[in-house]
Amino acid sequence: MISIKNISKWYGDFQVLTDCSADIKKGEVVVVCGPSGSGKSTLIKCVNALEPFQKGEIIFDGTSVGLPDTDLPKLRSKIGMVFQNFELFPHLSIIENLMLAQQRVLNRSSDEARSKGMQLLDRVGLSAQAAKFPGQLSGGQQQRVAIARALAMNPIAMLFDEPTSALDPEMVNEVLDVMTELAREGMTMMCVTHEMGFARRVANRVIFMDGGRIEEDCSKEDFFGTPRGERAQHFLSKILQH
Amino acid sequence: MISIKNISKWYGDFQVLTDCSADIKKGEVVVVCGPSGSGKSTLIKCVNALEPFQKGEIIFDGTSVGLPDTDLPKLRSKIGMVFQNFELFPHLSIIENLMLAQQRVLNRSSDEARSKGMQLLDRVGLSAQAAKFPGQLSGGQQQRVAIARALAMNPIAMLFDEPTSALDPEMVNEVLDVMTELAREGMTMMCVTHEMGFARRVANRVIFMDGGRIEEDCSKEDFFGTPRGERAQHFLSKILQH
Amino acid sequence: QELSGTLKKIKDSGVIVLGHRDSSIPFSYLANDSKPIGYSADLSSKIVDAIKQELKMPNLTVRYNLVTSQTRIPLVQNGTVDFECGSTTNNLERQKQVAFSLGIFEIGTRLLVRKDSPYKDFADLAGKNVVTTAGTTSERILKKMNDEKKMGMNIISAKDHGESFLMLESGRAVAFMMDDALLAGEMAKAKKPSDWAIVGKSQSNEIYGCMMRKDDPAFKKVVDNALASTFKSGEVNTIYKRWFLSPVPPKGLNLNFPMSDELKQLIANPTDKSAEQM
Amino acid sequence: MNYHWDWGVFFKPTGIGTEIYLHWFITGLGWTIALALCSWIIALSLGTIIGVARTLPGHFLSRIAAAYVALFRNVPLLVQLFIWYFMVPDYLPENLQTWFKQDLNPATSAFISTIICLGLFTAARVAEQVRTGIQALSKGQTNAALALGLSLPQLYKDVLLPQAFRIIIPPMTSEFLNVFKNSSVASLIGLMELLAQTKQTAEFTANLFEAFTLATLIYFTLNMSLMLLMRWVEKRVQVPGLIALGGK
Amino acid sequence: MDFSNIIPALPSMMEGLWVTVKLTIMAVIGGVAIGTLLALARLSKNSLLANLAGFYVNYFRSIPLLLVITWFYFMVPFIIGWVTGTNRPIGALTSCLIAFMLFEAAYFCEIVRAGIQSIGKGQINAAYALGMNYRQAMQLIILPQAFRKMMPLLLQQSIILFQDTSLVYAVGIMDFLNTARSRGDIIGQPHEFLLFAGLIYFLISFSASTLVTRLNKRLSV
């Protein structure tokens, strides 16, 4: 479903991504990890063209992402994305956050958008908060709303960029639970996260990045089991300490 | 030398200090500790009249601090003070920091002030940095300069308000060493600090404050040895954990 | 016949914009509300009536636009106002930029001074502060005189006649050079008119006209005809009497400024020539 | 439209003496610069005093300073100018009045009125900047200076103001530029500064496009050069190792 | 001083005040609209557009408003005449209004730009990720938030603009100040009318800025 082929990207002179390739099949859950600055966020943003790239190709659901004539809004509406800092729209109420793109992008009627929205809020356990504003919710609640907002577009794949790293520890699980459930239901997912427990539980594959390169791309069993490259080992030992 | 008699102080309705009394003799080193917000900084600032107080009296070297006709600049120039955030003057070079008050307050000539300044910088091991600006020094170095700046006025007593708590751990000792040496030479000192090692090594007495009151005022042996009030015990146990 | 130029513009937009002054007493000035009054203002209503008739537009909207001595010519040129009737001198230099109607008044440029002051003529003004209004013929005459005769006057160019008079009244200048009729108008407004006197030898004789855009003969013809018939019917004498020989707002003072022979001459034989051309 | 373009107009004689129109612009620019610099000196010194007064907590001077700022910031500059030029002189004592109105060259008296007006007007804005700058400094700096025995005036002169002024160089630059632009109001009381000369040239020559284009160019160049000058000043007074002084 | 003569002049002064207020409101609306477009241009990836907008802002910020007013007063009717080829009457007020809008747009542009930049990149990414296009993201997500943040600054600038409208005196538009001056002059009491005008300006802009300060405090908590 997502096929990343030899992507390279530069910021000015600085190369952030070097020749990255990966394939994510329908229904697969892939966890991306690696040290800070290794290019994880950049890679995942390339998938829905939030960041342009200079070399290589990304094919999503049969469409090449980087071509100038690609209908980006349409493509992006098929890919849900969840950000580290939630990025709810603070000037809109929770339910309006869920309705806006449905109405403007998918041209759903207000009633349709609202019932879809309420249904998803229900699913993440927040239907009671529909009329509140994002600023009135805890971080964990906001992130669940953000997931619901992405799901409201009926995406065929989801991207997560460290969805739990801005949360207080006691809220991490409520978000991971929602994600786990989503994975169980067969959603195609690409998650940047350092939550190795989550990776162990639900990932099919783990991609390890360092210095802009994909250093490892293997099944979860291989990643946590057999010996690997030195840097990945070092990284894992540091992560698992906690 | 410093005699604090029944001081009370309010910020609006809020009472910060309640009936505090203490006596510090010439050559004594007194450590003040207590939980955050207990009024330690406020008390120490009352001594050189940086904070006014509404009730009680403080006599420093025979002069009553709170009277309206006290010559405050003269009084203050006899009391050196060192702050948590160093408070060097960032627009002046290190040596100018040391010279400014000597020239303006003590009317020393520029040469005299400079040679005194260099001598003190030498003493704190920083004569090589004389021409630099505060922003170019590490925290530990800045704090040593701040001590030198206070000493340049030939104070007869020194006040320290958590001089090491804004420092990275590896720099704490370089500052404590300077303070220890100072104490050994017989300087009268009143130090707000949580460095219990320092207190054990050089203090004559320890004052424990809580909720704006002086809860304990006893010799260092008593403070660290025999049982005391419940709150002081609790505080000490938390402090000594680290 | 096909309309063109200003007439077409007025017809198309249904609006005519008149340029007026705010302190050219008693020609065109504001006294109590935002509609200008005065001798020239009355003549412009005659012109407007004629235009209404010509265009068969009895409900033509009339808009007023305040102009100053400095702004009036560009504003006529650039179309902000359609014609201006105030206290504007018709001269050759201005004819290069705008067109003038038949002459409507004739003046001489003189001085206003305090009655008890020692200044009786231009020659007395050497080294003194003298005020005049920016953008007027008097300003140029005064500057030229100052330069040529090396008089060392300090010339203040005020924004309008009201401000010029304020300078004189508050003692910043010892004399105010301007058209004699306008000086009489300023006196009529003064706190004590009897304190002031118009003195000095007239430095130039000038004929006022209404200004409009150049090269628009159709419009000029309507304007000129309207004036000519007002002159011929003698109606102009009533208007003259109203503004120069009766009490006028705001103070209700009478200017007592009888019609000069030159003006009588002008009314008898209307012309759009400037004084220099006669 | 009957408009006669003529870019050579600036080199034509004005008809008064031997001047050409370009001379008018140069004289005008001279007045503009003189006005701005004199007003700025007033604004900077008075503004600093008022700004400092506003930071004296609870002091009655602080109230007076606040009232000053409120008054001078909420009345249009032009109204203030008219008051200083048309009104205030009438209330001077008799002999001073005669001197001001009659003995002084009218250009000089208009100049004096304008720099007082513009100086006091800008002082209110400068005061706000100075206050912001001082308040951006930590309370600790004040404590440290006082603890060393510095007096209140010494505290401001040696410790607070040198730091505050460095912080507020960018907003002060724009106030400085504003003085140049605002000095054009002097044209409305007959002072022949740049804008007045432009208008007069436009009126005399009937080439108003050319006149105004030249004036715009002069102002633009003046502004850009002053901006570069202030950048240079900012660099000159930069303290090494102090990057984010303003960020405190 | 005798202020009693002001009372009969009040109706015409109100007319003048109305001109001032009208001018302020329309200039603010136009200025903010143009300023927003300029801000978007300044922030656009198209460097030609960004530079042009940058030049525009620098240009208008370096010349005096009074010069712009005077120049536009003479120029606008010419330009409109040339462009449209017709002779539609352009009132003096319209010329001034255009001058104010174009001039203030440069100042509003900087405020709006700062406002937009204060909204994190994450918000626009989130909007894009939901499939919105640039226009939708700006209109629905970024601008509503940006305007909320910059409201106090916009209002402050509008108060300055309110005071600056008095400069139309230079071209003889009968706004509040000019009416007061002209009335005072004809009655022979220029001082009284001038002080009265100053007082009214003060009351209006002082109460407006007090309100803005309150709003500012409310928004910052």
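Miscellaneous remarks
Per-chain residue numbering starts at 1, and chain names A, B, C, D and E are given in the order in which the chains are listed.
Here is the rule we go by: contacts are C-beta pairs under 8 Å (C-beta built on N, C-alpha and C of every residue); 3 or more make two chains touch, one makes a residue touch a chain.
Chain labels with UniProt names: A, B = Amino acid ABC transporter ATP-binding protein; D = Amino acid ABC transporter permease; E = ABC transporter permease subunit.
None of the values given here were measured: they were computed from a predicted structure.
In terms of the stated touch criterion, subunit A and subunit E have no partners in common.
Without subunit E, the rest of the assembly breaks into the touching groups A | B, C, D. When the interfaces B-D and C-D are ranked by how many C-beta pairs touch across them, B-D comes first. Distances between chain centres, each the mean of the C-alpha atoms, put C farthest from subunit A.
Taking each chain's centre as the mean of its C-alpha atoms, the one that lies farthest from the centre of subunit E is B. Rounded to whole angstrom, the centroid-to-centroid distance between subunit A and subunit D, based on C-alpha atoms, equals 56 Å.
Centre to centre, using the average C-alpha position, subunit D and subunit E are separated by 22 Å.
Subunit B and subunit C have Cα centroids separated by 83 Å. For subunit B, residues touching at least two other chains: there are none. Contacts with at least two other chains are made by residues 1, 3, 86, 90, 188, 199, 202, 208 of subunit D. Touching of two or more other chains is recorded for residues 74-75, 78, 81, 190 of subunit E.
Listed by label, the pairs of touching chains are A-E, B-D, C-D, C-E, D-E. The residues of subunit E lying in touch with subunit D in their complex are 58-59, 61-67, 70-71, 74-75, 78, 81-82, 163-164, 166-167, 169-170, 177, 181, 190-191, 194-195, 197-198, 201-202, 205-206, 209. Considering their complex, residues 138, 140-141, 143-151, 154, 158-159, 162-163, 166, 239-243, 245 of subunit D touch subunit B. Against subunit E, the residues of subunit C that register as touching in their complex are 5-6, 8-9, 12-13, 15, 17, 22-23, 29-34, 63, 65-68, 71, 74-75, 78-80, 82, 162-163, 166, 189-191, 250. By the touch criterion given at the top, residues 45, 48, 50, 72-81, 83-85, 87-91, 100-101, 104-106, 132-137, 146, 149-150, 153, 159 of subunit B touch subunit D in their complex. Across the complex, subunit D meets subunit E through its residues 1, 3, 70-71, 73-80, 82-83, 86-87, 90, 177, 180-185, 187-188, 195, 198-199, 202, 208-209, 212, 215-216, 219-220, 222-224.
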